[in-house]
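Letters A, B and C mark the chains as written, and numbering starts fresh at 1 in each.
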């Protein structure tokens, strides 16, 4: 395969995919999607019937968290991926494209599983569906992190279509069939998304990627841009983990737990980063990424009675493990396992996600009526309906089973989708064109100050 | 007119305008503005009288949306205008100045029309007034988009003073007299603001603007800065369109509708941008701007039962039309119509705004009791008081009339204000000093690393 | 002291401090910190007992404001300090480190004083504690502003440990013992934090700081980064001042007051900045900083009936005073008083904080039953329990006393901590290594495009 002859022209394929898929969305939305009773104009009659006030519309419980999650998806993930010196457009721009398509497909896929009204066969959506759609997209954006700079926008659209589909099935199995709890998605989002991306990256291994190594780093200001992403992810992670928790103490506790977990992670990330560099200098890559690991790990157990000190311990461990991952594991994986992981999602999402799943299982298994109260226990773990006979210890087992499902779907799905993405029809870049915005973006070239087509310098 | 002799010294005029107008604001606020009953210290008695709880204070219904709108005004519009390589200070800085002055004047102007308490002749303000003031300023910031880089800060203050005044009158006619609905301001804000700015730009036509063409483009990092603006506008647009909707289902539905509209727009923007470039490369200008057109178009009908698929269709069309506008219409307007539109507001605000007005009229005219329920219909369209006999079809006509009023005020007002701004007393820059921060900003020069006064390079 | 021989190696001290202190946090949290009744799983029983609905959980009153404050702490303060051309990593990165450690220590310190449950000796935390912890950290971040670029991360950790401790004691004296009101912390946060930082800077005076003067300025894009910080601080300041106010009208009024104060400040900042520059050009330093002074000054009186015109007057004065401070006072303080104030916190926090304290005292002293209503007066000033016999005039005196305490703690604490930080064991940089990220950051160097270790250029 002579890379130099690769055709990165997506002038037909990209518009075609966008228009066809958007048209399909319109048709499917027309057939299936309607407003739920809280966003429908009949609400005014409905709430009087139920003797509710307007402020008890779910919108007011969840909208602030929704907007925070929305910022994480578009600005958080988007700007975190601007760190490469010449791939900032691709980082933030393709993130935008994937997310905008993904949320539509997610509303359908998740709707069929979770929000289908069997009386009329319609999916009824409200604010909680929008949050779940954003969550679903997060899985694909995590996967993009491993592939950043090495794939075409058409490949990303394919990755997203399959990723959302797999996500919705996996989520249904874990949450509804297995009855595992996963409010912040340590398993459902992070473990799945990360292994999905890593498996695809393994399938798309590029032995000659060193040809574009001159571009595989950051410059001063691209690192500052990436800090915008880091901080918005870090700050709003309490909203991410609490957004779909139970009203009241559930949301409240999830926010506190995540806040504490993240604070602790920052300290140990700094410690390890400094310890392993000459003169104790800090590495921006660690500060940008490993500081977030605590939020990932707090996902599953966020709404449980993890206790404040428990959160600090989880954060402590994640900061250490994630930073050590960047220092030792990422180079090892690239050399030995042939997994090229541009953003280091194995350290930021995969390992902390698995830790989060384990923490969730242990915390659930050790739950007790003393700590939760009887009603609190039923409420927190949803021991109702056909699960009303479950007890904490069995719940712990179900949590562990959920983690396994997430791993299987991530790895299995990634290998299959990776095989599809190896087809030579997607317009992916040659090895020496990777990490370069000139491949897919016009303005990176034409906006030089002299007006002539020159290589821009930073 | 020899441009080179233009005097851009605003050392007397800018401080004078700022101090005099701010002093006027203090006096007028002293005479007219007071807290409304929900922000006054008497609320504690008031709410007991009405048997309300604290959480039913309007503050809790609207404050999260207010802050999102606030971010759109200052960071969204501000950073969207940082894309020029050497006018980022002017983009974000003058945006800041205009908005800070405009919100004060808007509280007064809108207050006289909408919040005047006839018992004591005072304007009573609360959180909804702050949102409306931010909305009002948005009209002027849109107009600034057409003029970016070509006017002095003093001209911008004059533009804002008249713009807010015109806005308040136009808004009163459209919303109160005509009884059109326009929650997200497709007509009132976007159509008015865009034609106001375009008309001023037409009046201030600069035949020799090509003299500063070396500066009329972006550099790599200025494009990334602009994406901050784009994304915060895009993410928070659901809050913009829902901020002043009815409590409960109105706000809920408006947020969902806008979210869907915007998602669809991104896909078709990418499609058209890729289709019209060599090799299918994407143009950053389109991604930064056209992706937002769906939010503009969803404004009027946001709280109506537009239906999820209807939103996707509106977004689909807006992405196509707006991007084609950038490719074909903007160059045509500059060459043939002598309208120089720096940010392309015709494509981002004017056309989508008109589309939004039309969508609103059609959706209103086709509203029915089956879809809305009886109470829902009255509630959504406010068929109460002296408008209690209105029906959807007449409402549709009123919506169309509202759109015409917005157009007339925009174009007419813009021509008059443009004539005022042509007076040679405002310190506007010469043609070859346009798009250059050195004209009005000190720090662009003095902060060179050697400490000597050198031309900075990027 | 030969500066060139200074050892900036923090490879042992920084990891040691981070790990030891984080471990101490885990132990202390384990012993002391538990969930309060609104974030505990027993809430579901508790709220039924009190006949409350879920939406009346304090979480829904305060979470949106909390997240805005959180953004101010991490993005606002962090990016405001990126303005130096080669210290952006240190600005945003060390801000991150200080804040993440500080909030943990603040939860403990403030908890012991304010949230201790005497029945079981535990600190019970909820969302209000998280907001207060963020507030507490703000004091230390303000202090960092004076020292930016001249201290090591280990010094900053020490500064934070003592700063939080002093803050908690000072806050307890002012709010609980003296019974002064200070919702937005003009005295408790800004006056204390600024004089704490200035005193430390005075103790750490560097006579040869001019050796790094080549780095003590901004470049074009670093100034744009700093505007991100400015705008997020400016926009969210209404949330800062209202976050812990009384439910209902208290929060509502505080947001309105702050919004108006800030708007007015922008106009006078622009006026003074333009008036004192040749050709009336604006100085980015003033726009980035002085525009925020109104928010600081609105802190104490934010929840009082300051009246809308009163807010505009306060903002007017602060814009003038703060900008004049940058022009005249900062150079004077550096030359004559040997206080080197990198970010000009004396102009942004110290003077406006003192003004805020005075405005608070005057407004409190002139409060009356006519303006507040009887219940409103008791409610706003908390004239309950052992303070039920207080009247507005005595409250005014208590406010003034509170301001004095803040000043004493700031100056006294700063001198003591400054003396500790002069010990030659903290790894602080030599005079010609100040304002340079290469001292403590690895990636600023290694990410050059050629891959070789070269001095990066901007």
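Here, a contact is a pair of C-beta atoms (placed from the backbone, for glycine too) under 8 Å apart; a residue touches a chain by one contact, two chains touch by 3 or more.
The shown structure was predicted, so the numbers you read here are calculated from the model rather than taken from an experiment.
Graph distance from subunit A to subunit C, where chains that touch are one step apart, equals 1.
Interface residue usage between subunit A and subunit B, two copies of one sequence, is largely distinct: under half of the residue numbers at the contact are used by both copies. Rounded to a whole number, the gap between the C-alpha centres of subunit A and subunit B is 32 angstrom.
Each of residues 55, 60, 64, 221, 228, 458 in subunit B touches at least two other chains.
Of all residues in subunit A, those touching subunit C in their complex are 55-56, 60-61, 64-65, 68, 85, 213-215, 217-221, 223-224, 227-228, 231-232, 234-236, 238-239, 247-249, 251-253, 255-256, 259-260, 262-268, 270-272, 274-275, 277-285, 287, 291, 305, 307-309, 312-313, 316, 371-373, 375-377, 379-380, 458.
Within the complex formed with subunit C, the subunit B residues making contact are 8-15, 18-19, 21-23, 25-27, 29-30, 33-35, 38-45, 47, 53-55, 57-60, 63-64, 67, 70-71, 74-75, 78-79, 82, 86, 88-89, 92-93, 96-97, 100-101, 103-104, 125-127, 130, 153, 221, 225, 228, 427, 439-444, 446-451, 456, 458.
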